[in-house]
């Protein structure tokens, strides 16, 4: 995705976040969603696993405090009404199902919502998991933002993960550069909610590793 | 704009349904949400409630009044026997009120576990006593533990000191007690507060219950 | 015990609490220990299960706040340096072994340190347990303060509890009106550390349900 | 008079013994107790340490410097792979450093469990992943859980904002992170603080770590 496509994708995710939602944005692509939230018109409360709940922006030059960062280690500047807490309290919020939505990047998602986003399975790789497994299973809804296919053109929406899982049956919705899809508990298919203009159902299906149910898609051809 | 403040607790209390489990804050009188309890008594038709609380009320106030109103079929409690707890005692002796007696620390931890997404935990408290009878036990590194499960709470009624519009809370001294873990444990948390302050007036370092755990609050 | 005996007993317990100890005093007799702690000369930090750690006195008339009470629901007045916390945090302190000493009343204690102090077993009684079970097993040392015998003259230090237990093997030391005793892990006997002046070993043994080892007792006959 | 302040961290650090498990606070740089880590490197002979921390250090600072000093044989960690974490990466690839990778929330909860006297707990995090391989699992009310055990910590090294002589602590913003649960989990907790204040200057409502969890602190 180029920058414009990324911004469009972030905008589509942001549009689906309702006012008053408690939202955690994973590192990478999901952080872009913050730029598209509504501000005063549609207030959304952010959560970061290192212990803040509130509203914030990236800290401008000169107002950066190394003790005030988000999970991506980026300095932030708080708006009024925030709260700090320690790590066990922070992960209680996730695991206890109190976050409405978390948005994560992914290597692969299965039709049943299994998520792979922490490890390629390469035995030479240095592993690191961070809060990914807690976020994936903790929020009421887990959204994934990703390219629809990998660099080799292989589908990233698959019937069975080939990468090591982060969590099972946790992803509810998948946002890619070419569409928005809902997973299904039985893993038989995904349901298209949106298809990018100019693409046919066949073109989308060809890039997807599982059957797509297009019956809910209201956007294509309108 | 987010604003969790309500002017009338009756509407929030009407979210309580027959058979719900209601956690009620307080240790003795400190932290007891008496206005919310009175609203539940006078403005709700919900019956057959399960109450989770440290005490069972005294005289005919607070939880005692709720018990007397005949809305409660079970109480999950650590210390129901107090001076002037005659309402509880009479209902209990007559078999009109089921009691699940829980050691105080297990009560707090089971509420926290519910709020924190913990499926069950091994606690040393109560091992070898009648309060652990029938429960799974395990020895881990030479210590004996009992497996305890979360308490699923539909609605929490608690009392706090101050709230901002996001529902961030501070408490007053030992009135804090069960408030934070009950707010965590409940699907719906309703709070009575003494002060309502503007966003930013509560020091983020000193917020005890972040607003994510609060659904509605009102000023008494 | 009359008031004078109770005060002497409380003084003996207090003398065994070292400076800097974290101490929880159960309701009833143990609350008297607070009057005998050293103040500035020997600072001891009190814990109350309803969420305070610090130093305090009973609140004088006119300075009572219904939101500032101890576990016995008595209004207290704090000295500088206290901290408030919620119930789950408070009981973590106990159960996690962070309190040095708790002092509890008792119906019975066995030679192996089993404690009965919450229920007589009377099926007509309204039960209530409070924090007794958490305190009993949580503190590093659990001290019991009690009359040496019950109202009928029966020993309260026994080989096996006849009342329902509060906790097993948790009591380390027993303070009674006539002596101080250490429990033993194997439950074969208790060790006398102190015997009240004027009593013979035989008199003490006769009022005790288990064998007493007097070899450590340095006080009798001195 | 109780006073947990020390002027020289070296003596406190000397309580660390060969084979000890040391929890070190911080999330990235925020909350990293760099003076204590440097003191451990320069003034302790303890070897074969196990480190518990969220990250594994960057460049040759903090935990990275400790790893480079050859004192550490194992690290229990959630996110060791960071920019410029070359010290960790080289030791790990050469098989000189054992890694126990733990999801961040399980790391925090296992430390809290140790501090709270919980023998083990069922967590949903990690179920069905390689990080739960070989661990006991259980389905409770339709959710799959993994049984996780406490992390026994000998010494915690953490950073806080202010302390009074009793060791009551406040933190600065997101530098709070793992500090409170590490202080709970450890047999000995040593803290570096920016400010030392008189007893009574910390609001009892805003103390985050009560002094019961603190053994020694010093002003940097």
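Per-chain numbering from 1; labels A, B, C and D assigned in written order.
FYI, contacts are C-beta pairs under 8 Å (C-beta built on N, C-alpha and C of every residue); 3 or more make two chains touch, one makes a residue touch a chain.
Heads up on the chains, UniProt names are A, B, C, D = 3-oxoadipate CoA-transferase.
What you see is a predicted model; the values in this text were computed from it and never measured.
Undergrad: What are the mutual neighbours of chain A (3-oxoadipate CoA-transferase) and chain B (3-oxoadipate CoA-transferase) in this structure?
TA: Touches both chain A (3-oxoadipate CoA-transferase) and chain B (3-oxoadipate CoA-transferase): D.
Undergrad: Can you give the whole-Å distance between the Cα centres of chain B (3-oxoadipate CoA-transferase) and chain D (3-oxoadipate CoA-transferase)?
TA: Once rounded, the distance between the two centres reads 33 Å.
Undergrad: Express in whole angstrom the distance between the two chain centres, defined as the mean CA positions of chain A (3-oxoadipate CoA-transferase) and chain C (3-oxoadipate CoA-transferase).
TA: Taking the mean C-alpha position of each chain, the two centres sit 55 Å apart.
Undergrad: Report the inter-chain centroid distance for chain C (3-oxoadipate CoA-transferase) and chain D (3-oxoadipate CoA-transferase) in whole angstrom, where each centroid is the mean of the CA atoms.
TA: 34
Undergrad: Could you put a whole-Å number on the gap between the CA centroids of chain B (3-oxoadipate CoA-transferase) and chain C (3-oxoadipate CoA-transferase)?
TA: That gives a centre separation of 29 Å.
Undergrad: Can you list the chain A (3-oxoadipate CoA-transferase) residues in contact with two or more other chains?
TA: Residues 52, 84-85, 88, 91, 94-95, 138 of chain A (3-oxoadipate CoA-transferase) each touch two or more of the other chains.
Undergrad: So which bits of chain B (3-oxoadipate CoA-transferase) are touching at least two other chains?
TA: Those would be 109, 112, 116-118, 123-124, 171, 173, 204-205, 208.
Undergrad: If we use the touch criterion from the header, which chain pairs count as touching?
TA: A-B, A-D, B-C, B-D, C-D
Undergrad: How about chain B (3-oxoadipate CoA-transferase): which of its residues touch chain D (3-oxoadipate CoA-transferase) in the complex?
TA: These residues of chain B (3-oxoadipate CoA-transferase) touch chain D (3-oxoadipate CoA-transferase): 109, 113, 116-124, 138, 140-141, 143, 145, 149, 170-171, 173, 203-206, 208.
Undergrad: Using the touch rule from the top, collect the residues of chain A (3-oxoadipate CoA-transferase) that touch chain B (3-oxoadipate CoA-transferase) in their complex.
TA: Listed in rising order, the residues of chain A (3-oxoadipate CoA-transferase) that touch chain B (3-oxoadipate CoA-transferase) are 19-20, 22, 40, 43, 45, 47, 52-54, 78, 80-85, 88, 91-99, 138.
Undergrad: Write out the stretch or stretches of chain D (3-oxoadipate CoA-transferase) touching chain C (3-oxoadipate CoA-transferase) in their complex.
TA: So the residues of chain D (3-oxoadipate CoA-transferase) in touch with chain C (3-oxoadipate CoA-transferase) come to 1-2, 112, 114-118, 164-166, 168, 184, 198-200, 202, 204-205, 207, 210-213.
Undergrad: Quick one: which bits of chain D (3-oxoadipate CoA-transferase) touch chain A (3-oxoadipate CoA-transferase) in the complex? Just the residue numbers, please.
TA: For chain D (3-oxoadipate CoA-transferase) paired with chain A (3-oxoadipate CoA-transferase), touching residues are 27-31, 54, 78-82, 85, 88-89, 92-93, 99, 101-109, 111-112, 123-131, 144, 171-181, 208.
Undergrad: What residues of chain A (3-oxoadipate CoA-transferase) sit close enough to touch chain D (3-oxoadipate CoA-transferase) in their complex?
TA: Against chain D (3-oxoadipate CoA-transferase), chain A (3-oxoadipate CoA-transferase) makes touches at 48-52, 65-69, 73, 84-88, 90-91, 94-95, 119, 124, 126-134, 137-138, 164-168.
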